[in-house]
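Dropping the structures in below, format is structure tokens.
Both of the next two complexes hold chain A, though its partner changes from chain B to chain C.
So, the complex of A and B:
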């Protein structure tokens, strides 16, 4: 079971002084998937990544990466050699040129993929002889991604890979990820608050809020299960207490009743029909709505 | 490219892709024996997950719409192809729908309102006592 998971956390907790950054986080990242890790600023995304990569230790709970315990010092070294990581700030050695930093990084890894290096140098159109501190954020992001991709790793952890990028650069980064997973066997775990990126390329997601997992699963399943039902009545909408499974939230406003469900809309409509609505609509729910509704419930 | 799924629609991308392939066959844009783009090139072009394309192709094969030939790619199947008559009637229906949409837009309705009207009508919601979905 867990050998098919690239990352697994069970009831992960992290306390900094007086604050609980993680309060029982559960993650199951299937091997070979592109996994979108969503949450607001301060939800605990970066803390989770730091624990996964052995940069900080959990206060309680377990984290396993590629089947190895992340809080074990020896295992953590193995995890890091098999994992590529691009942090949010895309920190690079400022005094090196693009070419120098590529050669410098390649020297550390015996499995360096020169074929991929050529491929991404070409598709990213990186200026080889320019110093990295003179690069735009878009170029720095692409260079950081190149350095991680060419290591030939099994797991790629990306912290906010498209943050601060314009739509064109962001599309290039996503395209490189998609291209990479279609030719290489690996798992991509990326944190973001850009829902559109997740919509586009992720198969599985987790939405976390205040250090807990709120929603997780295959994105297609979630898209299939979440429904918004809108009922219009002749007079004021009745105060219905729904017994249908999966009802998350009900709002009444004048003649309109809206209900959000994560178990389809049929049972809900069935139930509402007894109250004689004049119209009933079942609408798909976007990831953005799922996100906003989920993080709002916790407040 | 005839395929253009909208990832933020809330509808699984593989389902959108399936619909678009079926529509391309109905309108005759794709004919029996035509080759569909490969999984990888299509995923790269649309910037979506290759597994999403693979899933759409698998489901289309299951529905008999396309054939996956090992190592050669995906092809529009002969048996699934609608008769020319059906393809023609779908094609001639297109201007009728286009004209209706144009008139509704002129009345100031948004595309989203128009879409809902179409869906409610198809679901029989406007019939007396009718219910949708």
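So, the complex of A and C:
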């Protein structure tokens, strides 16, 4: 286990009754990074986060957060001292006002950032004397984020931080995260199925499906590795089996054959030229395409 | 701050229990006047003419015997009946909820705080038990305070001893509801189950062979009332059961997946 990793999981497994929520999940989240944790609904994102924060115990495998074992009760308290968390539903104590829940949360963190509290209260325009159950989802999201950001922690774990928010509120939340990270030394690990959020702020990503990591790495590297090769033939596109490394999907439609590779496009296009296409193009791949293709391969 | 959170979550139930108990406590004192007026009539009856055989007859005879004095009246009406019911019901109400119900959907927020689950349930139990102790003792203090207004007196020591019995046995129903709350997200099923358990235990005490060992026999402090000392064994057993239930609740919670 490396010291430079904020989160590391090795062959992490979780079984609920007859369902395998995690089936050997491997994650490596570098310290200081903004890490997007992508997956479809039910892929195992929330289960992973709950294991990392000691809310759920793994069935097998290892999970370490900030170098500490997540499944050890004592270490988990230390992990939570050094971690801020926003849950998917942004549920807070409905009998407390905004001010009360801020004071309540601040009491658990010796490094509570009163300067940030003032700044975010002002920029989020949170009504101090309003009960949390009277806040809109957007306001509750901002309050949840304030409660996580002001803890003065090394790691932020955000489960679907923009879930249920309108585009304006979503943008505000994402900007707050980016601004915070630009001034504070911390790691952000956020789960989402909104690819635009990841595209906007993440440096590293992992795509999981059915409880397993299927793609992982620095987003720029992945964008460099993934290439779509589009070949157009005079007649019906031939049924080709490519031997070039990294080919993960080939599609034929009339005269057009499209192949997706996660090892660049050079070897693939060299092999394709032997079949005599009238045109051959190497196209960049968007994160959405990487996600959809990776998940489709798993299916 | 966990203390404050636990207080905010339970204070509504606590104040309801305290207010209801105080109202009933006042009622008991001023009810004695009406009972007192009936006593000469009861005393003038020919015992031989009363059918005091069977459980109902026996109960009538026991009630008449106990309520000849203010102390007996208080024990019969207050400790043996009203306060017992109130402490059982509010014990269960205060024990229910815990980490799951009252926090609404904010359980994950609670679990994300840097505190152990043992501390979470320990704080919640400590606040709830303190509130139960107040309900078991404070309303009874109106007895020594207001008894002189009807020409009677009542010992503070009696209040303390009976309050201790009420609290210790009442904590069993508190702990049972706390344990059940680990499995039920709402607070009403644990309360209902705890009250059903109490009702079954109460009915069992109608069996003469069981009555002296019954939990409510300990709870109402009958041995103390009859000058036979404190029900030490019953109190120790109740405290042990209560502690075991709370310990089980804490262990269950510590191993639970959320």
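What we mean here is this: the second predicted complex is superposed on the first by the 298 of 299 C-alpha atoms of A that agree within 3 Å, B and C clash if a C-alpha of one lies under 4 Å from a C-alpha of the other, contacts with A are read in each partner's own complex, and residues count from 1 in each chain.
Here, a contact is a pair of C-beta atoms (placed from the backbone, for glycine too) under 8 Å apart; a residue touches a chain by one contact, two chains touch by 3 or more.
Remember, predicted model here, so these are calculated numbers, not experimental data.
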item: Chain C versus chain B on the shared chain A, clash or fit after superposition; value: fit
item: Contacts of A:50 with chain B and chain C, given as first, second, both or neither; value: second
item: Which superposed partner A:97 touches (first chain B, second chain C, both, neither); value: neither
item: Which superposed partner A:203 touches (first chain B, second chain C, both, neither); value: first
item: Partner chain(s) touched by A:73 [first = chain B, second = chain C, both, neither]; value: second
item: Chain A as apex of chain B and chain C, Cα-centre angle in degrees (nearest 10); value: 150
item: Touched partner set for A:123, first chain B, second chain C, both or neither; value: neither
item: Touched partner set for A:31, first chain B, second chain C, both or neither; value: neither
item: Chain B versus chain C as contact partner of A:224, first or second or both or neither; value: first
item: Minimal inter-chain CA distance - chain C and chain B, angstrom; value: 26
item: Set intersection of chain A contacts, chain C complex versus chain B complex; value: none
item: Touch list for chain A against partner chain C, complex; value: 16, 50, 53-57, 73-74, 77-78, 80-81, 83, 85, 87, 89, 91-96, 103-105, 107-109, 144
item: Contacting residues of chain A [partner chain B, same complex]; value: 33-34, 171, 174-175, 178-179, 181-183, 195-196, 199-203, 219-220, 223-224, 226, 265-266, 269, 273, 279-289
item: Residues on chain C engaged by chain A in the complex (per definition of touch); value: 1, 4-5, 8-9, 103-109, 111-117, 254-255, 257-258
item: Interfacial residue positions of chain B with respect to chain A in the complex; value: 7-14, 39-40, 43-44, 47-52, 55, 116, 120, 125, 131-133
